[in-house]
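Take a look at the structure below.
Just so it is clear, A, B, C and D label the chains in written order, and each chain counts residues from 1 on its own.
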Amino acid sequence: MSDQLVFAMEVFLNGLMAGVLYALVALGFVLIYKASGIFNYAQGVMALFSALTLVGIMEGQVPFAHVINATFGTDLHHFGWHVPGFVAILLTMAVMVLLAICVQKFVFRHLVGQEPIILFMATIGLAYFLEGVGDLMWGSEIKKLDVGLPQGINLMIDETTFGWFGYGFFIDNLDIVATIIAALLVTALVIFSQYTKQGRAMRAVADDHQAALSVGISLNFIWVMVWSVAGFVALVAGIMWGTKSGVQFSLSLIALKALPVLMLGGFTSIPGAIVGGLIIGVGEKLFEFAIGPMVGGATENWFAYVLALIFLVFRPQGLFGEKIIERV
Amino acid sequence: MKMKLATMALGALMAAGPVMADLVFPDLSYRTGPYAAGGIPFSDGYNDYFTLLNERDGGIGGVKARVIECETGYNTEKGVECYEATKGEGALVYQPLSTGITYQLIPKVTADGIALHTMGYGRTSAANGKVFSNVFNYPANYWNGASLVVNHLLEINGGDLGGKKIALVYHNSAYGKEPIRTLEELSKKHGFDLSLIPVDHPGQEQKSQWLQIRRERPDYVTMWGWGVMNQVAIQEAANIRFPMENFIGVWWSGSENDVLPAGTAANGYKAVTFHNVGSDFPVFDDVQAHVVDKGLAAGAGDQIGTALYNRGFYAAMLAAEAVRTAQEIHGVADINAAMMLDGMEALEITEDRMAELGMPNFGPSFKVSCENHGGPGTGAMAQWDASAKTWSLISDFNASDMEVIQPLIDADSNAYAAENNIATRCN
Amino acid sequence: MNDMTHDSYTTEDGRTIGGVVMEMKNITLRFGGVVAIENISFDIREGEIRAIIGPNGAGKSSMLNVISGFYVPQEGDVFYKGQKRPPMRPYQVAQQGIARTFQNIALFEGMSVLDNVMTGRLRQMKSGLLAQALWKGKAEAEEVANREAVERIIDFLEIQHIRKTPVSRLPYGLKKRVELARALAAEPSILLLDEPMAGMNVEEKEDMSRFILDVNDEFGTTIALIEHDMGVVMDLSDRVVVMDYGKKIGDGTPDEVRNNQAVIDAYLGVAHD
Amino acid sequence: MFYREAGDFKTTYAADSQTFPIKFDRFRYYAVSFVAFLIIPFVINDYWVNAIFLPFLIYSIAAIGLNILVGYCGQVSLGTGGFMAVGAYGCYKLMTAFPEVSIFFHVLLAGGITSIVCVLFGLPSLRIKGFYLAVATLAAQFFLVWLFNRVPWFYNYSASGQINAPERTVFGIEVTGPNTEAWATYLFCLVFLTICALIARNLTRGTQGRTWMAIRDMDIAAEIIGVNPLKAKISAFAVSGFFVGVSGALFFSVYLGAVEVGEVFGINKSFLVLFMIIIGGLGSIFGSFAGAAFLVLLPVLLKNVLVGMLGWPTDLAAHLEFLIIGGLIITFLIAEPHGLAQLWRVAKEKLRLWPFPH
């Protein structure tokens, strides 16, 4: 087998893994869009916020320490305790649920029935707000996040593939974990939406708000729930990316990686988000591998979008959307 | 009614004017945004040094220093706003810590007669004082940095890099592309292979780049990164088990922030630097006593000794020394921007002086002149010890290959002069 | 073929009905496996009021959409003014002088009544982008000239008082009238009305009927309209096509249609076998 | 009292379709123009022009451009930053290639070039709609930034990859480069803004505007009543591109003087201009001004109040700024989803009837 082909296979596998991470971020968008028609620009910032909170809780940071110190001249930093990862995740989840309740109560309850672009705009306001709160609460230094996920080359795969091709493939353990967690997450979501009462209510709302209302489903409750679930997905994404790069402001930019996935997979389709993520991941990595060196590299940022754009021109309804029949 | 208004206006005018003599150092900092982690320690160091001088010595030459901090968020437009807002306050020297803002400010400071000090960043060819009258980038610039990296590798390899492969991982922006030309020249001179690997902003996802490195197996990797790109690159390098001692960053890829998230895997990572690292300097005891313990520290006081804090501290020291020089030249304590320029052009940093300041061997000793605003272009290599969580210098402040760099500086600055009809000075 | 062969004639109330202006020949339209229109032919004569009726789901709206070019039939041809119509986009059909209203009102909700009606006159607007950017001169003159024409229609339909009101604030009945105004503003040679009286009360229906008759009378506009309510239509129209399940089951004067057994069956709900 | 239309009858249709049909509005417009052209230039200083007026004027042009596309034609675009970059680099190439031609024409030509690029990236709008289109325009954003960074021809092979505006004059007065006077740059941009606003107003009050709005409100119905969707959308992209290009050219040449594409014309710029028109009001020229003013002034104001007056640490102030801007956006949307322009209209309507509201 030629070297290039072997390399391409490695790139392909890594693309799949990267795709899983993209899909994870995109999932958060899909959940909210499907249930409430809100294009949640704040999803990336939510990931940042949840990761910041997680680290803050784990390290026993005093929230708003900087503000308190500046205002009262105190010198607070840490409570002096450390919370184990699992407990901290639960506590962070509680914060995200609280956030969901606040978002629903103070923002979207007042914007029911507005046009999508207005709702979109509100989430932008929310993103700004959360960014400010997150920084004020936990400070803007880079924080190391370690909840015990393995990282680094998977030696087993390296050795096995070396035996096969004479070249060991590089697969990151973190990516493998991410893939497993993403699979679990999606399974859990599917089970939740298919087999629980709340899940069915959520799907009913997604299909038709009015009809759901008329059979006595509380929209308010459903939306809080959806935002909570999206908060949970954001937390998972935040942990994955935060482990890679440390928790810092740039974490909010991962949202940009999810947008082409959404275009490809559709804003309302969970399988679309996953398959779309995989296609984007593989596509951009292979393009960078094959064409990148010819045009000077660093193509990944735009290639994902161009790929999605070309795809949409030929199939405007996205991957899993039904053919749009226009009526008047 | 009219009278009242007039007195009020007069009052406002008086209040706006300088109440007492002071030396103004605007600090265009960024404590927010994607690069906050780099901006905070630098700005803390910059502030703390002046606070130290005020508290301990009562200012510089008896005149208090006043730092006006202005948040830019690494945003060029805010940088311009900050510049315009502070220049009327009697600003002596600007230190924007952003290549983008530097480029905005070069023409502006030149027109306004204020000095701009871009230490290890900004426009490299500003080292040519004949063209850039108001811009200084001593003691070292990007091209020195590139050369220093190569010199270090030459040293390890017994002076011969022939046939070696060096990869440059760089932030795909004007900043990241700076070293390319120098490295290309050096690769011709020393016969090593150079491969260029760009990473697009922000650089969170570098799988492709590091797979490529893993495939091509370069002997050394050097990095021009900033922000999240650094942390991810070091993590990915660890992931592919690239030997850390063969991975060398420029000074902007060499702070604690960059290596800490990777944990022990980052052990042995190297970065070139133009100032010393660590907190083992007498002056920091003074900082503790006069600044931190009095609750006057700009930040939380926990950054002392980190690479970027030291850099900010060093920048402030160089500015203060330039003020002192200007005070000596002009015999005036409360100097203005024009005098500051003279002070910067006549600045001389000696080992004795640094020792006097409680900062022995904190940076190279050098002398600025009208022609040379770039200083000596020397630097040292620092290495990260992950268990002790400290940087330490593993070399002296060595010279870079000016034979290669000077022609590049001359060419670029002359092109700028031609484009903007600037007559050369210092003749 | 030149289909202006049919002689013109004069109706009882003194209007002149001309030759055939549009002819549908063997139209078949399918959506996937569903046949919406099956092999239907009929014609529309100049100056007449032609109705297409039938129960819900009979394919009437699809037929109208075929005429206005929105749906392209799989089989069959449309002849317009004696010419076979090549495949074209809906806006090209509109530019040929075929204007229409919609079953579910399709006004531009973000615009005022006046602007909505003015959009009907796109066909008459000729000034280019540059002329419009300068405004003074050609564009302004054109705007004023067309405004005059539009004002006549606004007067005619008695909607002067709501000229500047955003249409989103109007009640249903008025919206229908504004839509008619927009279609009329195009000075169409054929006016297609898709259930103009749907959802109206008796009084509004009477008003609308009067307007339709007046339009036909005053401007001599050829009108093709759809209704599923037979009553009103029979009084209005000169000739009626009856559709059921995508097929034509009757065609003729209201009287002829009323006595057609197939039509009676369809409307009385005789089981299809 | 004096703000009313009673008795202010129009006797011609031309008078009825003028920009400010109400006399008082017209007077206010003249007053604002008078102040803008004949008073401000004499009192303005470097701080006001560089920190407030230039960004306001230039962002207003960009906002008008984007508003035509999004607010009037309903095609949401997130490529504004990339298109501004086209204007900036176009202007730079023209300035350096034809130094003898007046910069005024360079800016106009840069607008024209952007217009063409914008149309190219607008073509998919025929197939892709809504948020999908918005995300698709990001392709333009990222690709263009990458391109200008990648191809050295665009920055004349300079070592730094930055572009610098050389000194250029209009009627012998410098408007670019380091030695400009505050009033000159201000007036130069003001002239462009005035031209752009007038063009935008003329296009939106007539046939073209109605065509765009028809597409925006209901594209299928619009096509059936005779709007050529290709022509309508493409013309919106073209006009919008022209304005955005002009703003990009001014942003580079007059305001910043030096530009690095990724930093200045990144994705944030696209979002910022979009925020401006949403906060200001979609489909309103006035809204474009209001939104630009809001987002240019508010941060400066907040900074001056929090840091300058209250003496807070700059980083706390900056975080709070985020928090306050975010909070204000949400509050505004809840209070008036249709933007500042709508608030203004409602206020005017009340005034108009005052003191007899019933």
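Simple rule for what comes next: contacts are C-beta pairs under 8 Å (C-beta built on N, C-alpha and C of every residue); 3 or more make two chains touch, one makes a residue touch a chain.
These numbers were taken from a predicted model, which means no experiment stands behind them.
With centres computed from Cα atoms alone, the innermost chain of the structure is D.
Chain centres computed from CA atoms place C at the largest separation from subunit B.
The centroid of the Cα atoms in subunit A and the matching centroid in subunit D are 33 Å apart. Averaged Cα coordinates give subunit B a centre that lies 36 Å from the centre of subunit D. Subunit A and subunit C have centres, each the mean of its CA atoms, that are 51 Å apart.
Multi-chain contact residues of subunit A (touching two or more other chains): 66, 135, 140, 296, 298-299, 301, 328. Touching of two or more other chains is recorded for residues 146, 220-221, 224, 313, 315, 319, 322 of subunit D. For subunit B, the set of residues that touch two or more other chains comprises 31-32, 36, 40, 172, 200-201. On the side of subunit D, the complex with subunit B involves touching residues 46-47, 50-51, 55, 96, 146, 149, 158-162, 164, 166-167, 177-179, 255-260, 262-264, 266, 299-300, 303, 307, 313-315, 317-319, 322. Contact residues on subunit B toward subunit D in their complex (touch as defined above): 29, 31-32, 36, 40, 69-71, 73, 76-78, 80-81, 83-85, 87-88, 99-100, 103-104, 106-108, 110-111, 123-125, 172-174, 177-178, 181, 200-201, 408, 412, 415-416, 419-421.
The part of subunit C that touches subunit D in the complex is made up of residues 68-70, 89-91, 93-95, 99-100, 102, 106-111, 115, 118-120, 122-123, 125, 127, 129, 132-135, 139-140, 142-144, 147-148, 151, 182-183, 186. Put simply, subunit D touches subunit C in their complex at residues 12-14, 16-17, 199, 202-203, 205-208, 210-211, 213-214, 216-218, 220-229, 235, 239, 283.
Per the touch definition, subunit B reaches subunit A in the complex via residues 31-34, 36-37, 40, 172, 196-202, 204-205, 207-208, 211-212, 214-215, 227-228, 231-232, 235, 238-241, 257, 260-261, 263, 265, 295, 300.
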